[in-house]
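In this document, chain identifiers A, B, C and D correspond to the written order of the chains, with residue numbering beginning at 1 in each.
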Amino acid sequence: MIPAAMPPALAADGLRKSFGALEATRGVSLSLPPGRRHAIIGPNGAGKTTLFNLLAGALRPDAGRVRLGSADVTADGPDARARRGLARSFQRNSLFPGMTVEAALMTAAAIAGGLGAVFWRRFDRDRGLADGAAEIAARVGLADRLAVPVANLAYGAQRQLEIGLALATRPAVLLLDEPTAGMSPEETRAMQRLLAGLPRTITILVIEHDMDVVFDLAERVTVLDYGQVLLEGTPDEVRASDLVRRRYLGDRTG
Amino acid sequence: MVIQLLNGMQLAMLLFLLSVGLSVVFGLMRFVNLAHGTLFMLGAFVGLSTVEATGSFWWALVAGTLASAIVGGLLYLGLLRRLQAESPLKQVLVTFGLIFIGLEAARIIWGDYAERLPGPALLAGSTALFGVVYPTYRLFVIGLGLAVAAMLYFGLERTRVGAIIRAGVDDRTMTAALGIDIGRVFFVVFVLGCALAGLAGVVAGPVLSVYAGMDMGVLVLSLVVVVIGGPGSLKGAFVGAILVGMVETFGQVWLPEVAGMLLYGLMAAVLALRPQGLLPAGPRP
Amino acid sequence: MKTLHLAAAAVLASALAAGGALAQAPVKIGLVLPYSAGPFVAIANEITDSMALALEETGYMVAGRKIELVREDTTHKPDVAQAKAKKLVFEDKVDMLVGPVASAELTALFDFAHQSKVPLLIPNAGDNEVTGEKCSPWVLRTSFSNDQIVRDMGTWMAGKGYKKVALLAFDYKAGHQLMGGFKKPFVAAGGTIVTEQYPPFGRLSDFGPWLGRIRDAKPDAIFSFFAGPPATLLVQQFKEFGLDREMKLTGAGWLVSPLNLPSQGQAAAGVIGVLNYVPAIDNPVNKSYQERFQAKFKRVGSEFGAQGYDTAKLIHAALAQAGGKTDDKAALVKAMHAVRIEGTRGPLRIDPRTNNVVQDIYVFETEMQGSAVGYKVLDRIRDVQDPPNGCTLGG
Amino acid sequence: MTPPASGTRHVVAVLLAAAAGGYWLASGYYGKELLAETAITAILAMSLSLLVGQAGLVSLGHAAFFGIGAYALAGFGARLGWPPALAMAAAVATGAVAALLVGLVAVRLAGVFFIMITLAAGEMAHAWFLKDRLFGGVGGMAGVPRLDLSAIGIDTGDPASFALLALGVAILVYLLLDRLVLSPFGQTLRAIHQNEERARALGCPVGRYKLAAFVVAGAVAALAGTLAAQRSAFVSPELLTWTLSGEVLIVVIVGGGASLLGVSAAAALWIGLRHQLSTLTDHWMLAMGAIFVVLVLVAGDGIDGAVRGLWRRLAQRRGP
């Protein structure tokens, strides 16, 4: 008997999704072993966001399957997938504008920890949640801004909190939707450092436009084009590919 | 049976005149105007006073329609415009407050007694139709409703303003981005809706009685029409009105035990299964 | 209650101490009526205005005491009606209550009046049970019971050749009481009920559907019970659908109340009604009432006003009989039982067996009188008195 | 949206309770009635505040659960003859079940559509009781029993005692809901209100939480209904009209939506104002309507926000 291989942390198999006549995702398959850093790139309209939403559970595929570890989560919504250890960030900041940084991080941890059903304890006096929030804040570089209302944070700091909220759920798999979108070069470098410092217990899949970020972080890269996988390989392989250069990189880097 | 159908149709056309403005305003601005019924009542009362002064139903029709349009326009400019960016909650509450203001104002001006708005002599009596004898005035109501529906349909489908309104219902930001003054379109639509509510009030005068509080019953009915048909949709308002008119008419006779709950049940079912309404306006994601 | 008696005793004592030189405290009558909201505002005002007319005739005086009306608004809410009644009794120390109009408010008031032993005079609400099985020694009715209005109408109509009748009323308690009260004697007198239609209560309504069904049943007449805007609707639609050529429209007289005539117009002509009052009643009290009412308010006084007027008359007569004394409420009620008055409706008294009024009932018809619709009395049924109906006040 | 600092909150709560107590001592008979009505309205408003202020669910059918609680008490207590305490508990449970049934459908909708479906549900309940025969239809039914507290020496038949009972229940409801609002559950509701998509992405089964809030609010509204039925020993379809739902919604918004104490104060304001105005004129609704239109327009954050704004300004003035 052959011992079963460790299942991939996140896998997609033959995902398809159409909007009316438009086929946005046409049979995409992916497999991320635990701890992998994986990036998805592709020109605008290649179907990156649709694929991301299919993986996060915001969209249901017309065909194909999504697996988280050993579980088939194809039929699950985003909340059920989150409870199975999947966390995501949003391309446009999606925060809790009425809370402080600390409260937002505590809230995220409370929801992910299933504490939301607790109605007899004080939320704001939960030491465990507060300590966790402080730890996450330190990790995303917001340790000195715990008491600041989210709405008052600068854009870059809001992006950091965006990652922080996802991390607060203690995810096994982290989906990042353009984490450096709209950031200054300086902020981008800070974000790069943040991402590089994340522990290997977290499997990461990132959609990103900034190729420096991609090639710095990713161990494998999937290039999407017209809703299909054009190529999957190591960053070097992708960089070396004529096909990719013609279809995509060429336009940018010349 | 024919009589019941005509009865249902007559009620449906009244509800259509009343609801179409509410529906388009709802669809275009996501704005729930609970005071819409109050403008219906205003039309009826102004019509009543006009008949008393001039003796002419037709002048009443004009005056009631104009009065509701003017008051509606003033309300919009002075009050409701500010609420557009606000949550639906505030709109509901402010217009809810307006209901009571309108009710009491009507009592102060026109008193507590129910009165009748006499119909035009031209339309008195009955007409034989489809083998039944039916009140002529009610046939006029049906005809008027159909005529207004046809005019609105033509206006929406064939004119530039109509195209802008349809575009606005479909995608408000996009329409604004095209450089169209969406605020002015809202205003025109709002005032037109109020005018139709006033028209409905005058037209209803000879069929129902005119009294302070006559708006309360029809308001909820017109909300049912809007929700069932699909907010913002002319066809929806038309079909919704016919559905509500028929369910009211036939339900009360055939299923008197549950008639009171029937319409609300229908409304809840539509909301639960097809929240965009039966005939939603335009494509929506 | 103890404090109330103590307070009254204190007032009495101080009055005696002053050797009667001090003016006595006024008799207070608390009015619990829907003045500000709901469909009965007009009725509330007419009752109050007419009571004031009656009391004006007496100079607001009885046996040396002033009479004072204390108004409280129920806002058409039963719980408010009850709270306001309590306020009148415990804070304003009224000697009796008059009210309400709506049956829901009466249900809310009834138990309070019964338990607090303060006389409650009902100026307009007809629920049979209130002076029947549920009767209270403290709740008196100067208006009518539903059964009293229609009991003799069945026999009357059968006698006039209306043998096949369709019943039409809203589907609620009063509707069923009035239709039931009509039906039994009518059938006993040889009549047939060909159909009974009960539209749901309280909807924006169209009688078309029911009139269609009634037409199919081919009755000689419709007997109906509606008031306010629905009554207007029915009267108009009956004509519009041409039913007036096939049958007679009859009903409890509120159908063509003076309050409705302005909105009903000429369609109201030719309706037969039965009621405890109609403006055309030919007696001196009514004539003077109508003259004064019309002079003051520029319209015809309705049955609601007449009931208010008679209520005030009866209260005044009872107070006079009791020598203006109001401390002993039981004696006051006894005085109300004892007095006989001539009211707008003819002779009136309160039946001690049921606490319901004993009065004449009028059958009338509306007709064109000049350019407007007026009333013609067809028949007068004298001294209509309810049987105890389960009320045990008579022992 | 963040709950107020605990210290001030307790001070305000004690002040409000003291004001109610002072009024109880000073008022006459009718004052006790008004006090009981205020306490009941406050309970109803606090229950709606949980929906509107915390979870962001604007219901225009909340009076339905109020009425269902009242009718259920009449049913269990008067028709079936259960002991009042048991009947009250059963009535609250009935309100919860009714809210569960409505909520299952309603929480799937958002914004205006949620408003519309709660309106429809409320109107259905209203139509039902208009038509029913068991409870007297339009005319309503009297004879609803009051809670029997003679064992602990309280005669609830006495209006002064009943006002205290209603106040006591209001305080209990406040303590309970305050706990709920400050708990992780309350925080989760606020998170959903602020950003439903994010809450879902964090793993929150949003629908279930909304449903839970809806059921709790329905149960508390039913509790208020049982008190209302006891106050007048009477139930009628008036308890379920949609205009009552609208009035309570106004009270909640004027009170600041999320602040339990704010909405309680607004309930007192509402009852007091209505009483004062209606003694002045039969057209009091005109004035009430105008006042509330202005309040809703001007005081964006309600009483709670206005008081806090004033506090801040005063604090600033005292500062450097």
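In this text, contacts are C-beta pairs under 8 Å (C-beta built on N, C-alpha and C of every residue); 3 or more make two chains touch, one makes a residue touch a chain.
Nothing here was measured: the structure is a model prediction, and the numbers come from that model.
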item	value
Chain ID, smallest distance between chain and overall C-alpha centroids	D
Centre distance in Å when chain B and chain D are each reduced to the mean of their C-alpha atoms	33
Gap in Å, rounded to a whole number, between the CA centres of chain C and chain B	38
Separation of mean Cα positions, chain D and chain A [Å, integer]	43
Multi-chain contact residues (two or more partners), chain B	107, 260
Residues of chain C whose C-beta touches two or more other chains	41, 171, 200, 202
Residue numbers of chain D (touch at least two other chains)	130-131, 283, 285
Touch-based graph of the chains, sorted into line, ring, star, complete or other	other
Touch relationships between chains, expressed as pairs	A-D, B-C, B-D, C-D
Complex interface listing, chain A residues touching chain D	56, 77-80, 82-83, 87-88, 90, 94-100, 103, 106-108, 110-112, 115-124, 126, 165, 168-169
Chain B-touching residues of chain D, taken from the complex the two chains share	52, 58, 60, 105, 108-109, 111-113, 115-117, 119-121, 123-124, 127-128, 130-131, 242-243, 246, 249-250, 253, 283, 285-286, 288-290, 292-293, 296-297
In the complex, chain C residues that touch chain B	38-39, 41-42, 45, 171, 198-200, 202-204, 206, 208-210, 212-213, 228-229, 232-233, 236-237, 240-242, 259-260, 262-265
Interfacial residue positions of chain D with respect to chain A in the complex	1-3, 179-180, 182-188, 190-191, 194-195, 197-206, 209
Interface residues, chain B side, partner chain D - complex	26, 30, 32, 79, 82-83, 87-90, 92-94, 96-101, 103-105, 107-108, 216, 220, 223-224, 227, 257, 260-261, 264-265, 267-268, 271-272, 275
